[in-house]
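Once you scroll down, you'll see the structures, which are given as structure tokens.
What follows is a pair of complexes built around chain A, which joins chain B in one and chain C in the other.
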Partner chain A sequence: MNIVVLVKSAVDEAELRADPAGHPLLMGAATKMSNFDMNGVEEAVRQKEENGGTVIVVTLGGADAKKAIKEAMAMGGTRGVHILADPRGAPDSLGTAYLLAKAIKRLGEVDLVVCSEGASDTYQGQVGAMVAEYLEMPFLAYAKKVETNGGKVTCEQGFEGGVRVLQAKLPAVVSVVSEANQPRYPTLLQVMVAGKKAIEDLPLSSLKSEDYPETGMEVLDVTVQATNRKRVLLDGSPEDASKKLVDALKQEGVL
Partner chain B sequence: MKLYGSDQERVLISLYGAGPADIYGAILRSLSAVLEEKVSPLSLALDQGREEIGKPRRILFDQGLSKLPHAPEFGGMGLPFGVYALAMELAGAADASTAMSLGIHNTVAEAIARFGSADQKKRLLPALLSGKKLAAFALTEPSSGSDARSMRTKAVKEGRYYLVDGSKMFITNAGEADVYLVFAETASGHGAFLVEGSNPGLKVGRELTEKLGMRGSRTAEVRLVKCRVAEDSLLGEEGKGFEHAKELLDSSRIVMGMICVGIARAAYGKALAFAKGRELFGKKLSDLQLTREKVANAATEISAARLLCMHASRLKELQRPFSSEAAQGKVLATEMAARTCDAAVQLMGGYGYTSDDVHRHWRDARLLMIGEGASEVLRMLIASRELERES
Partner chain C sequence: MEVLSFSEDAGLAGEVAAAGRDIAMLLDAEAVAVELDEVSAGLHSARKVVLVKGDRALEADPDSAAAAIVEVAKARDVRALLVGETKFGTVVAAKVAGRLKVGSLGKGKRLRVDAGRLVLERDAYGGKYLAQVAAKLPCVAVVQAGAYKAVNAPIAPVETLSVNVGEPKVATVEVRQSQRGEADIKSAPKIVSAGRGFARKEDLALARDLADALGAALGCSRPLSSDLGWMGEEAHIGLTGAYVHPQLYVAVGISGQLQHVAGIKDSKIIVAINKDGQAPIFQFADYGIVGDLYEVVPALTKLLRHG
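Our next item is the complex of A and B:
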């Protein structure tokens, strides 16, 4: 089975700082593979382990994005493809999907495209569906369980109070949620081996044609919202402290 | 707490250049994720005796931490010693006692890699690097610690065997180890012997459970009673055992220093979070000038200790003398960790004094001003090297 997994190099939110006006300092900020994409990669690698075949990791991003591809390759990806984009003029969701789909079409026969529910930095959750549209493949969203058998993919999709089971013919695009699996930790040796593997570069210009969607969409502003935690420390015995905790929660209207 | 970040990344770039630093950084970032998610959460419970000793060590063996600095032909990753040293900083921040247990195990693996016969390497190194076997380093005795040369344990050659008799004290991993590196006096000086944990002549005494810190590792006395070991268990040359021990301790001191850098960071991180949240006199504790002095001192000292230990690592990698730098790094790092942990307790006041999760870092750090070369002995070594220099 030839599987493509889409990953994004996202800003590492744990290291992100903002200027006094609340604008995140994105230039030079530390990046890593989006947390949600770890579930996507895990699912792709599991499908490869069950069915054989390859897992091609595809990303679009600046030079830093290679780091995300290597993280995915350490988890079991067999090949890495990087569409090099200028982070200052990064395409919007539709442009990203267009470029990813064009790249996927160049990879030969693909049976399954896996992505995650959204990116851990922007969390728009649009690209998977748009890629499916460009590839003219069915899209099975928010899967918490994925099975492939007899040329078909079956997914369980959770919703409040129930489960919906979807099935489609392969090739298909599937987005997984974090309940789908527990991402593996690669060993340090696997990380080292992945770090030395070559990654194929696809120039963005080679994928862009006249039909590229110029939507004119721009991100005008991003500000962080400060959360003021109260950091109340309750002292006394566990019994006293638990009473104080209940009182404090009542006072805050939580209980 | 985020264990791997830009501080370590910049050290890697300055020592090894951007290309290699990318790969080393990815390895340390991956290790850091495992430490943060699987090891740090066990650390307090280990200190309080509520968690199984050895569980986090197993996790780190499975990740391949012991493989980092060793040759690929025996299952190692062949990475520079400095990358391993930085990994031990991260491990020290997650759980110092587990890091120390692994550090000592890895010192025995280094001993075999450096001084072992082809057969000893083939027989033991793959099992030690993968963690299938655990090792202990048995040099200190009940009546000789800093003055290790005065050891009383004797090894007498009898045909194709040695009979080893004596007692070893404060041995980390005792009772769990499969292999003990035992130092003993022989007819021609000192020898180092690889003794199987299953040897009927090797007896593990009572575990020292009342120790101040490092409670996530085992410490006990090991007695050797007419312990018969085959002559091919001798590691390196007979008569050079003490020299071998000194060389191994030089490397181990870098590691213990880096574990202390990690301990200091763990305590400092908790105090910093507290200072940012605590209010007094209408201000945040972190806005008070005396707090800022503590923060600046801790950050500066942590960086200084890390850099001195990494400098010693780089000299070792380049096969230059590094004994004095390793001793300086350990003295600075261990005493810095005790100071920083003390400052963290002070900053957190009653909450620091009454919380295991804060003062345990000071208790852990305190050991390393004694073990693997007490600060006083290391200062003697450093001063001797200085005085030997031509003026």
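Our next item is the complex of A and C:
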């Protein structure tokens, strides 16, 4: 089975600092493979282990996105493809999907495309479905269980009202959630071997044609969210602290 | 010119219609709510409704719903489509944007119009930052619960459109509804939320008792609904679950990861109960009690019940 897994190199939000005006200091900020993508890679590798075949890791991003591909390769990816984009003029979700789909079409016959439910930095959950639209493949979203069998994929999808069991013919695009699996930690040897594997570069311009969607998307501003909380600690015995809390909540008018 | 709104969630449909009305006014356009299969009882705020009926149940799967909305959009002069934020809605929005080749602003709370573009305020970097993102019209945006209030407005005559969407690419083999014991978390005025501080599933009875005493809904952080499976997906609050906006949010045994805090920051008052005084949740709380939840929660419940 030929499997493509889509990963994103994301700013490590835990490490991200703001300047005095509250704007994130993105230049030189640490990046890594988006957390949620570890589940995507794990699922792709498991499917390969069960069914044989290859796992091609595809990403779109600046030079530092190579690191994300290598992380995925260390987990069991067989091939890496990097669509080189200028991080300052990063495409929007539709543009990203367009470029990823164009790249996937160049990879020959693909049976399964795996991605995660969203990226840890933006978490918009749009690209997977849009890639499926461009590839004209079925899209099975928010899968917490994935099974491939006899040219079909069956997923359990967790949603607000319970679980849906979804099924489609391969090839298909599947987005997985963190319940789907427990991502493996690569060994040092796997990390070293992955580090030496060649990654194919695809210049963005080689994928862009006149049908590229110009959505005029623009990030106008990003600022840190103020947390104006009172941060009052109530001490004393559990009973005393509870009493203080109830009094405070009555004062606030929420009780 | 029209602004369309859609949600398969009857409660959210009214809120999204209210957002549609605001944006339509700014664009000097008409707000139109799209309803699939039938007009839901919960729909308010829409002056005009287009009811779409298909050759199959359109709200049964995102393929059919997206195909129906695309048909509506093609038949009218649509400037924007606003979709209520659920997992279903998020997929529908992406599919419609993908089919019409228009931008999707993603999910966020507040919308505005700036220089003829639609601007959405949405979370970035795990909810630590707020981004203002603009797209030219027409475009799609996903609206989270709580930002717009549904208003009771007389619904004007319904226009009906018949569409033929054919077989969806994805078959829904089975739907297993979870037991909806809890009140709807997205609109609950008070919420008690449980985290990893609870050692066993049975101990959640403590949180449930506190919720009962407060008249609150019971929610949880992600580990409880996903890894541990102690609670249903509908109770999961945070970046990858529900965004909530209660008057009172009581976080019990929750450490306060960014991903959880992202979903609670619109709460009026946040209370944290955690034995670890260094837990980040205290930075996001108005009132904190550093203590063992197994002692504090019963004491608090008792006080609320008996004064």
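Some notes on this structure:
The rule we apply is simple: the second predicted complex is superposed on the first by the 223 of 255 C-alpha atoms of A that agree within 3 Å, B and C clash if a C-alpha of one lies under 4 Å from a C-alpha of the other, contacts with A are read in each partner's own complex, and residues count from 1 in each chain.
One rule holds in what follows: contacts are C-beta pairs under 8 Å (C-beta built on N, C-alpha and C of every residue); 3 or more make two chains touch, one makes a residue touch a chain.
The structure presented is a predicted model; accordingly, all values stated were derived computationally and were not measured.
Looking at the shared chain after the overlay, A:N149 reaches neither chain B nor chain C. By the document's definition of touching, neither partner reaches A:S206: not chain B, not chain C. Touch criterion met: A:F139 reaches chain C, while chain B stays clear of it. Partner contacting the larger number of chain A residues, of chain B and chain C: C.
By the touch criterion stated above, A:D121 is placed in contact with chain C alone, chain B being left untouched.
Applying the stated contact rule after C-alpha superposition, one finds that A:V163 touches chain C and leaves chain B untouched. Look at A:R231: by the touch rule set out above, it reaches both chain B and chain C. Once the two complexes are laid over each other on the shared chain, residue contacts for A:A14 go to chain B and to chain C alike. Once the two complexes are laid over each other on the shared chain, residue contacts for A:L189 go to chain B alone; chain C is not touched.
In the superposition on chain A, A:A129 makes contact with chain C only, not with chain B. Residues 14, 229, 231, 233 of chain A are contacted both by chain B in one complex and by chain C in the other. Interface of chain B with chain A (complex): residues 2, 5-6, 22-23, 26-27, 29-31, 33-34, 62-65, 67-68, 77, 79, 277-278, 351. For chain A in complex with chain C, the residues that touch the partner chain are 11, 13-14, 16, 18, 24, 36, 92-94, 97, 117-118, 120-130, 132-134, 137-142, 144, 154, 157-169, 172, 177-179, 213, 215-225, 227, 229-235, 237-239, 241-243, 245-246, 248-249, 252, 254-255. Only residues 14-15, 30, 32, 67, 70-71, 74, 185-189, 191-192, 194-196, 229, 231, 233 of chain A touch chain B when the two sit together in their complex. Here chain C touches chain A in the complex through residues 9, 62-63, 86-88, 90-91, 93-95, 97-99, 101-107, 114, 117, 119, 122-136, 139, 142, 169-178, 180, 190, 214, 222, 226-227, 232-234, 239-240, 242, 247-248, 258, 265, 268-271, 277, 282-292, 295-296, 298-300, 302-304, going by the rule given at the top.
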